[in-house]
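First up is the structure itself, then whatever we jot down about it.
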Amino acid sequence: MSLLDARGLTRHFGGLKAVDGVDFDLAAGEIHALIGPNGAGKTTFVSLLSGRLPVQSGRITLAGEDITGLPAHARVRKGIAYTFQITSVFPGLSVFDNVALAVQGGRGSARDLSRAVEAALYRVGLETLRRETAGTLSYGHQRLLEVAMGLALQPRVLILDEPTQGLAAGEIGAFKALVRGLVPEVAVLLIEHNMEVVMDLAQRITVLNFGRVLASGTPDEVRANPAVQEAYLGA
Amino acid sequence: MAFGPFLLLALMEGLVTAAVLALAASGLALVFGVMRVVNVAHGEFFMLGAVIAWFVASLIPGPAWMAFAAALVVAPLAVAALAALADALVLKRLNYDPEATIVATIGLLYMLQQAALTVYGPDARPVAAPFDLRLQLPWFGYSGYKLFVIAAAAVVLAGIWALMTHTRAGLVMRATQVDRDVARAFGIDVDRVYMGTFALGAGLAALAGVLIVPITQAHYLMGGDPLLLSFIVVIIGGLGSLRGTLVAALVIGLSDGVISMFFSPTLAKILATLLVALVLVFRPQGLFGTRT
Amino acid sequence: MKTWAAHLAVLALLLAAGFLLSPYHMTNLARILVLATFAMGYNLAFGYTGLLSLGHALFFAAGMYAAGLPIWHAGLAALPALGLGLAGGAFAALAVGVLALRTAGVSFMIVTLMFAQAGYLTLLYFNATTGGDEGFALPATGRRLFGADLSTDVPRFLAAWAIFAVTFLATLALVRSRFGRVMVALRENEDRARMLGINPFTTKLGVLTLSGAASGLAGAAYAILFGYAGASFATIQYSILPMLYVLLGGAGTVAGPLLGAILMFMLIEAATEVTSAWMFLVGAALVILVLFAPKGILGALRTRLRGLP
C-alpha cells in the first residue's frame, strides 16, 4: 500500500517540460531514492510533492487523501517534511529555537516542547549544542540540524534533498546510519548524487530523465536497466 | 450654463492635470523602472521646482516671459543636481536596497520640506505666467497658458520617449533596467546610469513644478498631492512602464478633473487611493501593463 | 527571570522619573509613553515579523476616533472608550491585512500607505461627523478614569504609565512565547518557516491585528489624555513616527521603541532651543539611521550582548 502517491504530475516552465507526467509511489517505511542527471527535474518534482510549487496537472495523495490543492505548510502538518538542498536553518536563532519551531509546526501536539526538541537533537547527536547560535555551527552540524528539524516535525514522509552534499567522507557513514535508523517509522525519499550512498541505502530507486520516469525498481534492477546505463550511468 | 460647458471645462482642467501629472509621474516611473527605487521625495522635487522658479522670477528683472524661460532651465537643472548629490551620498551607499531607500527618501522628504520652509517661508506665492492670452471658446474664455502647459508637456514627453528608444543613453538605461549585473559585465557604468536616471527623474518633477506654478502658486507643502497622484499613475500604469504611465496619467487626470468638478475632490482622491491599493493587491502588473 | 526583573525595573524607573520631573516634563513623559506604546505596536509588525508598514497612522487614528467619536457624540466614559479604541485599531489592521498581506516588500509598503491615505481622506470627507481637519476637543465627561480627572498632570501621567506598562509586559510575554518564535522565523526566512508547517499569511495577519490593537489603544489614549482628536493624526507623518522610534531604539527589541521615543523627543527638544527646524532633524535622523545604524541602538548592543529580548 503506497503512502505517498503521485499520478501524472506535470509542471512546465514556458517551453521547458521540467516534470512531464510523472507517476510515482512511496511505500510506508521504505527508503526510496530519486536519481537522475542534472536538470532531470528532481528538485521540481519534490517541490511539487512538498507544495512549494503548484502542479499544473496530476494528482497527489497521502495515505489515500488528496492533497494536490493543499499549500505547502498544510502538507507539512499532514506529515510531509522537506529538508532543503542548501542548508537553510535560521542562522540567528539558537539550535534549540530552530528545532522548537519545527516541533511547533509539525504533526505532534507537543505538550512538552523542550522534551520533543531534546529527543530530535538526541537522534542526530546535537544534544550538547542546543544553546549555540545555529549560524555558528560547522557545515556538517548545520546539515544535521536540518535533519533534526525534519524529524521534529514528526513526519510520515521525509524528503531529503541532497543531504550528503558537502559532508566529509567520515560524516557520510554516520549519516547513512542515521537515515537507516529512521525507517520503518518514517518513509524517506532521498534525492542524492552520491551513487554509493544511494545503492547502499535505497530499497527502491526511481530514475528521472528530461522530466519523465526512465526506470523504477530495486537497485539491482535499475543498475541492470540498459536505458539507465545509457542515459545516466554513462556506460 | 448647461451641462455641456461644465463637462468641457472639467475635461480641459483634467487635461492640464494630466499633462503635469504625466511629467511628474514619468520621472517617478523612470526611477522605479531603471533603479527599482521608490522615491518618496519625488513630490518635494516638484515643490522645489516651483519654489526655485519663484526665486528665479523674483531675481530676474524684465518681462515675465524672460524670467519664466530662465526658471524653466534653471530649476530643473538645480533640482537634478541636488538629486544626483542625494544619489551619491545616500542611495548608492544603501546599495539601492528597495526598503532602505524608501525610508531614506522619506527622510529626504522631511529635510527638503524643512529647507523650503526655512528659506522660502510658509506663504504661497505666485509666479506670473509668461504670457497673458485668453482663448475664446464657445461658452467661456480659457487660459492660453494652460494650453501651453499641455503642449509643453507633450513635447517633453515625446523627447523622453525618443531618448529612451532612439539614443545610446536610452539603450544603456534600458539594459540596466533589465539586469544591472549583466549591464555591468558589458562595461556599462551602472553607478553613472543610476545617478543620471535619478537626476533625470527629479528634473522632470521639477519641470512639472515650474509649469504649474503660474496656475497654482508655490508653497512648501505643495509636493504631497503630486506625489500621491504620481504614485497612483505609476502603479495603475504598471510599475516602471513609460507607456502605461502616460495612459494612466491621462485617465487619472481626466477622471480627477471630472469627478472633482461634479462631486468632491476628496472623494475623487479616496477612490483613487483605494484603486491603487487594490490594483497592487490583485493586479500588480498594473491595469495597462502586461504580466512578464 | 532576569529578563522580567530588568523590564519591571524599567517600568519602576519610569514611574519614579515621572514624579521627579517638573509638571511640564511629567506631561511630556506621558506623551512619550503613549507614543512609545504606539511604537511598540509598530515594532511587533516591523521589528519582530519584518512587516515594514507605512500605514500605521490608520490604526492609530482608528483607535483615536473609535474612542473619541462616541465620547464626543454620545457621552461615553473613558474606560469603555479605551476598549473601543483597541478594538478599532485591531479591526482596521485586520481589514487592511487581509488585502495588504497578499503583497510583500515594497508593494506592502505602498498598499498600507494608500489605505492609510484613504482613511485620512475619509476623515476629511465626513467632516460633519469627524470634525475634519480641525478635529474636536473631547468633553470633560469622557476624560475621567476611576474618579480621577485625566486633564490634570498626575492622573494623566499615571494613566499613560499604566497603559504603557501593560503593553510593555504583554509585548515581552508575546515575543518570548511560541508565537513570538514563529514571528521571528517569518522575519528571518519565510520560505523556510513555511516548510516547518507555519502558515505565513494567518500568522502575519495575527501579528498585524495585535500591532493594530496596540496602535489603536495608543490612539485612544492620546485623544483621552490630551483631550483632542484630529485628522492630522491620520497623516503619513504618524506612520513615520513609530518607524523612526523603532529604527532609532532598535527594531525587534522590547525596550527599543521606548528608547527611541525618549531620544527623539530629547533631540527635538534640544534642537528647538537653537532652531525650529524639527522636520529637518527627523529627516536627517531617518537618513543617518538607515545609512549607519539600521539595527538601532539596542539592536547594535544586542549583537554584542546576547540574550536581550
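For reference, chains read A, B and C in written order, and residue numbers begin at 1 within each chain.
Note that in this section contacts are C-beta pairs under 8 Å (C-beta built on N, C-alpha and C of every residue); 3 or more make two chains touch, one makes a residue touch a chain.
Everything numeric in this text was worked out from a predicted model, so none of it was measured.
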| item | value |
| --- | --- |
| Each chain counted as touching subunit B and subunit C at once | none |
| Per Cα centroids, the chain farthest from subunit C | A |
| By mean Cα position, the chain sitting nearest the middle | C |
| Rounded Å distance between subunit B and subunit C, as computed from the means of their C-alpha atoms | 33 |
| Subunit A-subunit C separation of Cα centroids, rounded to whole Å | 43 |
| Subunit A and subunit B: spacing of chain centres that average the CA atoms, whole Å | 52 |
| Residue list for subunit C, restricted to those that touch at least two other chains | none |
| Per-residue overlap in subunit B, given as positions that touch at least 2 other chains | none |
| Numbers and ranges of subunit A residues touching at least 2 other chains | none |
| For the subunit C and subunit B complex, residues of the former touching the latter | 52, 54, 99-100, 102-103, 105-107, 109-111, 114-115, 117-118, 121-122, 124-125, 240, 243, 247, 277-280, 282-287, 289-291, 294 |
| Residues of subunit C defined as touching subunit A within the complex | 178, 181-182, 184-185, 188-189, 191-200, 306 |
| Residue ranges of subunit B touching subunit C (in the complex, touch as defined) | 38, 90, 93-94, 98-100, 102-104, 106-115, 117-118, 228, 231, 235, 264, 266-267, 269-270, 273-274, 276-278, 280-282, 284 |
| Touching residues on subunit A, where the partner in the complex is subunit C | 50, 52, 71-74, 76-77, 81-82, 84, 88-93, 97, 100-102, 104-106, 113, 133, 149, 153 |
